[in-house]
Each structure stands twice: as structure tokens, then as C-alpha cells.
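Pasting the structures in now, so scroll down.
In the two complexes that follow, chain A is the common piece, with chain B as its partner first and chain C second.
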Partner chain A sequence: MQWLNAIIQGILLGGLYALLAAGLSLMFGVMRIVNLAHGVLAMLAAYLGVVFVNNLGLPWFLALVIVVPIMAAVGYVLQWGLFNRAISKGGLAPLLVAFGLAVVLTQLLQQIFSADSRSIQIGALGTSSIQVSDTIYIGWFPLMTFVVGVLVIAGVQVFLNRAPLGRAMRATSDDPETVNLMGINNRQVYALATALAMATVGLAGMFIGTKTQFIPTYGDLVLIFAFEAVIIGGLGSLWGTLVGGIILGVAQTVGSQINPSYGLLVGNLVFLAILAFRPQGLLPKAVTT
Partner chain B sequence: MSLLEVNGLDVHYGDFQAIYGLDLRVDEGETLAVIGANGAGKSTLLKTIAGLMRPTAGDILYEGASLTPVPSYQRVPKGISLTPEGRKIFRSLTVEENLKVGAHIKRPGPWNLQSVYEAFPLVADRRDRLGVNLSGGEQQAAAIGRALMSNPRLLLLDEVSLGLAPVVVEQIYDAIPTITGNGTTVLVVEQDVNQALKVADRVQCLLEGRTVLEGPPSSLTRDEIAAAYFGI
Partner chain C sequence: MKMARSMRVFAAVAAVGLLATACGGNLDSSESSSADGGAASAAASAAAGAGAATDGTVKIGYVAPITGPLAAFGEGDQYVVDQMTSYFAANPIQAGGKSYGVEILLKDSQSDPKRAGEVAGELINTDGVDILMAHATPETTVPVTQQCEANATPCITADTPWQPWVVGSGANPGDPATALKWSYHFFWGLEDIAAVNMEVWNEVDTNKKVAALYANDSDGQAFTDEAMGYPAIVGPAGYEWNNPGLYPLGTQDFSAQINAYKQNGDEILTGIVVPPDFATFWKQAKQQGFNPKIATIGKAIEFPAAIEGLGDLAQNLATEVWWAPSYPTTSSLSGTTSQAFADQYTADTGKQWNVTLGFSESLFETAAAAVVAAGGTDKQAIANAMKTMKVDTLVGTLDWNSGPFPNVAKTPLVGGQWRATDGGQFPYDLVIVTNEHAKEQGLDVPLGGKVEPLP
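Let's turn to the complex of A and B:
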């Protein structure tokens, strides 16, 4: 029964990882940018949550509604100010710029918020749970996180498949020069894609900042989890990212069930195994260019 | 006033000069064919008109105003649409999605999914197929359809016949009268002289970046064209 519990908790945790990874997957899918600042940007969102909820006393859900558009705006500005310039230099430039951004932003957060660990307060919702059986409890907050993770993945996928702007994003991913011949400014599409990605990072940061104690450098671990979820699922596939997140979550909780200190280790081992035996991931994008 | 006027155009690829002081004009409603051998500068000319390349000297006037400061994506709302060399169909999108991307700016006019499908039955048959799975002829027809979806006033067609079977080229050229009949001005670049002569009101032959012959097809003899084309 405790194994079943570990798996259930792992699936719920996987929803959080999928939520974390959605933005990373989207930015890679549309622009081929590996955003190494992804984790610390999630920490930025988490600290915004701390400011609005803990310091200013706003309700948690109101803070969520404020943080998400702020992060979207941050994404839009970052893309125009930094990444679009880096992309035109080609090759490794965007990767290096993202790395530099991660370092600077981590230091900045440490300067402002110190290295003391913080957590966004959510009150009773953080600890209340549903009892499923004698030994299995499902927490409301992890359940909510999972549902939001699945909805975000599904929502972004439907947006990409159906919305005119989503279609333009896929076309831009295929051929950024040719979309200009359709009257589409590929740089503007990039900026909107990053804004969308950062909106999901805003959500992810709020949830992870509520679930755990964090410090500015916790972003490194967040980046690794997100990265692992994306790679396990297959680059450029959002549903794959959801599957990858769930596999990573289950591996970690089952590992912890074997021995409390094995959680991260087992997660990383599963990631390594996928990388070794199925490097394209479980659900790779059907068409690659 | 001509719809398009190219004055003294120079275009370079790095140190290599592709076009030398080229003059060209297209009047509203006419079809101009620019012919020439490989490396004559035909595709470069179209890319420069569409804004994918910058001229190093000279100017391009469209509706009387200079296009030089206008980025390529802003030339589409003005009514300039290019079917690029190599077709550049979006590989991971279906044919219908490719057409819808072509209509992204929602410029009003006669062309929509239905009218494109009517003009190109080849495209209609493949509407649900991914771009990556199209044959060359299907790609070319879809690319022209995609360009039409923005309802251009000036349609630029680059090497429609390149690498395609003659029967497919025939099918695609059959649609040109429908396009011009809707009032669209067409500037077509071709290596296939026979096709070009059939559809064009006027022909301009380039050789190594310069105009060597110009006139309506009826006024030009086969020998004149061959001499200009090959530079002999």
C-alpha cells in the first residue's frame, strides 16, 4: 500500500514538474533556445509570491493572478532586450546569454532577499487533504498543482494547434525567415512565445515556492528537474513533457520509499537510462527540421 | 506611375555583386517575366523586392514610395507577396495550415481557402497532408496558394518550374490567368523561357546582374532571346 501511495504522490509531483518544464519545452520548441535561466526565473516568480502573500498580505490566489502577467511581461522584455539580439548572433550566443542571465539574476535575488530559505504561505490549504484509504491521503495542494500542470500543458498544446498565433509560432519554428513573407514578424512571435513561457513559469514558481522552502540557488535544481522532464518526454513535445514530468516524479517518490535519501538519485538514474537507451525521448515531435 | 519601379539597383552577397544598376518597372495589371540563366540575379532581385535582402545602392519604389526602410513583414500588408525559391513550405504544418498562415494578416480580397482550392485542385487534394510529405509540384502549388492567401497586389513568383515535371509545371501555369484575372500584377522569374513567354505581357532578360533584352514576347525572336540568355 505504501508503494501505491508513493506512486500516487509521484504522479501528483509529476504535474508540478510538467508545469515547471512547459515553458522550457515551449521556448526550445519555438526558438531552439535552451533557457538556462528558466529555474532562476521560476525563483523570481516565487519571490514575487513571497512579497505579495507574506509581506503584503494578499490572498494566495490574488497573488497568482498578479504574478503570472508580471512574469509574462518579464518574458516579453527579456526576449526583445536579450534573446532576440543573441539569436541574430547565432550558434551558442543565446545559450551563453541565458547562462549569464541565470548567474546575474541569482545574485540579484540573493542581494535582495538574502540566502535565508523562504516559502509562500498558503494557510490551511497547504496541509489539508482527502483520505482515500487507511494509509493514502491526497493533499489538496498537490492535487491542485497536478490539475493546473495538466491544464497548462493541454492549454498550450491546444493554443499551438488551433489559435492563429499558435499556428504562426509553429510556422516560425519551422522557418523563421519565411514567416516574414506572410507578414509575420518572427521576432514579435518570439517575444510572445517567451511571454507565454514565462506566464507558465509564473504559475510554476508560485506552486513550487508554496510547496517547498527555497533559496535563490534552488533555481539550479528546478532547472534540472524541468530539463529532465523535457528530455525524458522528448524535445519539442508538450504531452511528452507531461509524461516526462510524471515519470520523474514517480521515480523520485518511489526512490524515497526505498530509502529517504534516494529520491533525487533514482530520478537522475531514470533520466540517465532514458538518455542512454532512448535519447530522442518517449514522445518525440513527429516532424523535426 | 508604375506599381513597381526599380532604379539603379545594386545588390551584394558579401563581396560578390549579384545585381548591377538594374532598372525595372511593372505596371498595374501586367505580367512581367524576368528570364535568365543560373546566377543572372533573378532570385536576388525578388528577394530584394520582398525585403529579405537589402540593396547596396539604388531604390525600389512601390506605389510611388520607397520600400527601402520597410521591413519584409510590413511589405505583405502593402500587397507584396513572394513565393520563394525552394518553396519553403512549413514542414510540420498541414497544407491547409500553411494556407492559413499565408492569410495571417487578413488582407481583404478575392483569395481564400475555397478559391485557392478551386484554382489548384492539386492543393485541395492534399489539404490535410503535412508539408514535409508533399512532392515538389504539390509544394510549389501550395506555396503559390499560400502567397495568394494574403491577397497580394503584386505577386512575385520565383522559379516556379524548377525541378518539376513538365506536366506539373503546365498545371501550375494554368492557374496564372485566374490570378491575373483577379487583378493581381505578377512578376515571374523563370529559367524555362517557353513558360515565361506564354504567360508574360513583357519579358526582361538578365545576364550576370544586368538587363540585356527587354520587350513584349511578340516583338522578340527566338534567336534574340537565346543570344541574350546565354550572352553570345
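Let's turn to the complex of A and C:
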């Protein structure tokens, strides 16, 4: 039963990783941008959550509804202001810009919010759970995180497949210049894609900021887990990211069950095994074909 | 083809990031912040103003984590440095018949041991400091001590349990012959935190089964060592130690540990945990139905901000208290009481007092006392004077004659619990609930309340 519990908790944790990695996966899939500022941007969303919930006293769900569009706007501005310029320089430029953004944003958050640990308050919902058996409890908050993670992945995938703008994103991803000739402004499409990615980061930031306590540098840790989920699942594939997140989560919890020292190690080993034996990931390339 | 190439870039970046995290590096701590430069020049100009009336200047270098994951420890340092700068400007140190102004150079370690060592080297070799000071965790104090030993400069450190400090600095706690030549430390040790935690546990009716939650870091390894650590201390006192294993920092799921604690029926929880890990653990413990009767936690809940982050879950969590406003002590410099010092901090900064404040101030008391005892700024004379020094500071009487190791002076330790204040200036207050151990150490700290079980 312990092992079953470990797997269940791992799947729930995987939902958080998938939610976190969705934006990273999307930005890579559409623009080939490796967004190293992803983790810090999630922290920015978490701090916005602290301001709205803890300082201004808004209900948690209302704060969620406010933070997501703010982050989308941040993404839109970032793409026009920074990444679009960097993309035209090609090569490593977007990567370096993202790295610089991560450094600046971390220091900025530290200046504004100090290095104190913060956490978004959600009250009893954060600690209540459903008891399935003597050893298995499913926390409401992890369950909610998982459901939101799956819905976000599914929603973005359906959007890319069906919506006209989603198709424009896929087309731009395949060949930005031809798309331009067809009358689509590829830069505008990029900006909207980043806005969508940052909206998912807004959700992820709110959930992480509520699950744990964070400081500005916590984004580094978060970034690694998101990277691993994306690579395990296959680059640019959203369903792959969900699978990757769940595999990473289960590997960590089952590893911990073997010995608490092995939790993160087993997750990293799975990641390295995928890199070594199936570098394209488990479900590669679904977005861009 | 294009896909495959960008894939490789992506994978390489991820792998590098992974490596950086594994090595404890921070992507964001690459260059110096403006904080330390600004502080240094402000301090320098204040000292220059006072310089007119003095015969010489004592240059004190101070390394502390102002930014990065340990920044909570360094939160009060800029304030204390400002206070001390203006104090010394008005009251130069009188030593050997001469009058010395004090110049304080505060440098940010960025919570990074490598960076702490670098700035310590700069302070010694470029700035030419007479005394170097550092505080807050082995990550800061150990590299600074190593620089001082290598460069023959007097060093005063605090806020690191003395065993990890001695071991990290290259000495052997069991062999006084390995004593360091230039470095002196004041803090409590493993035996003290174990004694204080047991004092807290003894006040609650439990089955004496202790759940251990420790990260796989230098603290975790030292505290859970079967021969030297907790098991060897609490076992003979009748407590059953249940340590399922050390967890890696940044763990996102603690269900394995929680299950192990529940199966063993543990009613006491203890550990040294960083705030994010503890918040993750404690929320999950509540979800999974692990409800110990008492919990003594180090590191994660020392600071008020982390407690506010836990909200209702913080009520009656216990921690060891290194210093508090209720300590019946006065500063050997300004004569201010601990209470007045803490009140002034809150009045000036709007922030609640924290356990490191008294230590930051006491470092300056110790440095000034060393210069007085040495009769000047000669490095060798200062190091010699420290060897037998005794000074009454805000954190208690520091006596390097009677420490457990030649370079170490021990400070008294009490136990405290966080309690909601019901509409006070701050939502939670750290109330002193045990003081027997501190009494044995020679300081009678008044109790603010009794030990209460967790809700």
C-alpha cells in the first residue's frame, strides 16, 4: 500500500511539474526559445499571488483570475520588447537574453520583496484531504493542481490543433518566412504564443507559491524540474510534457520510498536515461508537425 | 535536421543547469550586487568624518549573506553596521593610550561559500582590514575562517554550531593541539540544541518516539551521526530515534517519510530544514494525517517571515532561540539592553526582531574588546588577546578560556514556541518556554510562557 501511495502522490506531483513545464514546452515548440527565465517568471507570478492574497486580502481564486492575465500581458510585452529582437539575431541570442532576464528579474524580486520566505495563503484547503484507506490520503490541493495541469495541457493542445490562431502558431513554427508572405505577422504570433505560455506560468506560480514557501532564487530549482519534464516527454510536445511530468514525479516519490535520499536522484537518473537512450523524448514533435 | 540541432542545444542547456544545481551554484549570483559597494562607501565616509579626532583607524571587514537563499540571516546586518558606524564615530575605541576610529566594510557573500571566500580574500589583501568578521551558517563562516588562517588575519565568527565550524575550518574538535591560530568563534553546539529540544519534549506527554527530518547537507549529516549526533544524545535519555534517511534539498514530496513516521507512531518531530522544504513537508504532513504532539524545528522557523508564510500551521511550533529581547543582557559598548536594542530595530526598520540580531551586534562588541585587550591594531596582538578574552555581550558572556575547544566560546540557548499574538503589531511572537539549559550555562532568561502541545 505504501508503494501505491508513493505512485499516487507521484502522479499528483507530476501534474504540478506538467503545469510548470507547459509554458516552457510551448515557447520551445513555437519559437525554439529556451526560456531560462521560466523559473523566475513563475516566482514573479507567485509574488503577485502573495500581494493579492496576503497583502490585499483577495480570495485565492480571484487572485488566480487576476494573476493569469497579468502574466499573459508580461509575456506579450517581453516577446515584443526582448525576444523578438533576439530571435532576429539568431543562434544563441534568445538564450542569452533569457539568461540575462533571469538574473535581472531575480535581483529585482529580491529588492522589492526581500529574501524572506513567502507563501500564498489558501487556508484549510491547503491541508485538507480525502482519506482513501489507512495509508492513502489524497490532498485536495495536490488533486486540484493535477486537474489544472491536465486541463492546461489539453486546452493548449486543442487550441493549437483547432483554433485559427493555434494553426497560425504551428505554421509560424514550421516556417516563419512563408507565413509572413501569407499575410500573418509572425512577430505578433510569437508575442501571442509567449502570452499564452506566461498565462500557464501564472497558474504554475500560484500553485507552487501556495504549495511551499519560496524566495526569489527558488525559480532555479523549479526550472530544472520543468526542463526535465519537457525532455523526458519529448520537445515541443504538450502531451509529452504531461507524460514527462508524471514520470518525473513518480520516479521521485518511488525513489523516496526506497530511501528518502534517493528521491531526486532517481528522477535525475530517469532523465539521464531518456537523454542517453531516447534523446527525442517519449512523444516528440507533436506540436510542430 | 533543424529540430535535431535545437534539440541538442536544449538538452545541453538542461544538463548544464542540472549540474549547476547539483553543485549548489546559483544562476543568479554571478556578479556583485550594488548593496555591498554602497554600504562600504557609506561606512567609509562616516569613518572619515570621525577620523579627525582619532589617532588611528581600525578597519573591520564583515562578510554576511545579504542576498541569496541565506539572506534572512543577513537581513539586520546593514542596520547593525549603520548603528555601529555612528556609535564608533561618536565613541572611538580607546586602546593602548590611543584613540581609534572604526571603518566597517560590509561585503555580501551572496549565500555562496566560494563568493564568501573571495570577498574575505579581497578584504584582507586589497582593503587591508585589521579584523575580519563573518556570521550565518558554515557556508559563510568556514570559507572566511579559512582565508583568515591562510592570510594571518584575526577572525571573529558566529551563528554556526561550533562543531561544523571547527571541523569545516580544518581542526579536530577532539584534539586541542589542532587549534586555529587566528580565528575565534562564539555560538552553541549540537549538545546544546539537543538539550534544549529535549527540555521542550519533556514538557509534553508523548510516547517518546522521535521522527527525524534532516536534509542531506552538512547540518543533517552532523546531527544524525550515530556516534556523535542526536541518536547518541537522545537515546540514553529514553527517546526512540526514527530517521528514515536524509532527503535531498528541494524535495517536492515527503510522502515516504510521512508514511514511515505514521507507521512507527512517532509523536515528536524534530529536524533542521530550510523554509521551502519545511513548508512543503508540513502541509503534506497535515494532508496525510501525520499530527505529532510537539515539533522542534531548526533553520526553517527561526525567522518571522517564514512563520507568517505558514499561517495557522505555525501555532506552537518550537525552535531553539539563540538570542531574544528578553535576554537579561546589556551591550558592553553602548550599555543598551537586549530589549532596547530590539525595540529600536523594530522602530527604525518596521521589522520584527530575529535571533541573529544580537549576534551581529555582539560581533562588534567582541572586535572592539579585542582591540582594547591588544592595546592597538597589531594583528598578532589581537589574535593573542582573543585567546583568553572574556566579554559580556548581548548574547551572553563570551569566555574563550572555558570553551569546549580553544577557539570556541559557547552562548546560552533557550527554547521557544511561536504563538499568535491576536492583533499585536506582528501576527506571531516567539515566546520563550524553556530556560533550564541556559541557567546551567549561567544565564537566567525569563520565561514568556509554558510549553503547549501542537493544536
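Here is the rule we go by: the second predicted complex is superposed on the first by the 285 of 289 C-alpha atoms of A that agree within 3 Å, B and C clash if a C-alpha of one lies under 4 Å from a C-alpha of the other, contacts with A are read in each partner's own complex, and residues count from 1 in each chain.
The definition used in the following text is that a residue touches a chain if its C-beta (ideal position, glycine included) is under 8 Å from a C-beta of that chain, and two chains touch if they have at least 3 such contacts.
Keep in mind that what you see is a predicted model, and the values were worked out from it rather than measured.
Judged by the touch definition given at the top, the superposed model places A:P279 against chain C, while chain B stays out of reach. Of the two partner chains placed by the overlay, only chain B lies in contact with A:R167; chain C stays clear of it. Chain A has more of its residues touched by C than by the other of chain B and chain C.
By the touch criterion stated above, A:Q2 is placed in contact with chain C alone, chain B being left untouched. When the two complexes are laid over each other on chain A, chain A has residues 285 in contact with both chain B and chain C.
Within the complex, the chain B residues that touch chain A are 50-52, 71-74, 76-77, 81-82, 84, 88, 90-93, 97-98, 100-102, 104-105, 107, 130-132, 146-147, 150.
By the touch criterion stated above, chain A contacts chain C in their complex at residues 2, 5-6, 9-10, 13, 16, 28, 32, 34, 36, 40, 95, 99, 102-103, 106-107, 110, 114-119, 121, 123, 126-129, 131, 135, 137, 139-142, 211-218, 220-221, 223-225, 227-228, 230-231, 235, 249, 252-253, 256-257, 259-261, 263-265, 268, 271, 275, 279-280, 285, 288. Those residues of chain A that touch chain B in the shared complex are 164, 167-168, 170-171, 173-175, 177-186, 285-287, 289.
In the complex of the two chains, the chain C residues touching chain A come out as 3, 6-11, 13-15, 17-18, 20-21, 26-30, 33, 67-72, 75, 216, 244-248, 250-257, 259, 262, 275-280, 283-284, 286-289, 303, 305-306, 309-313.
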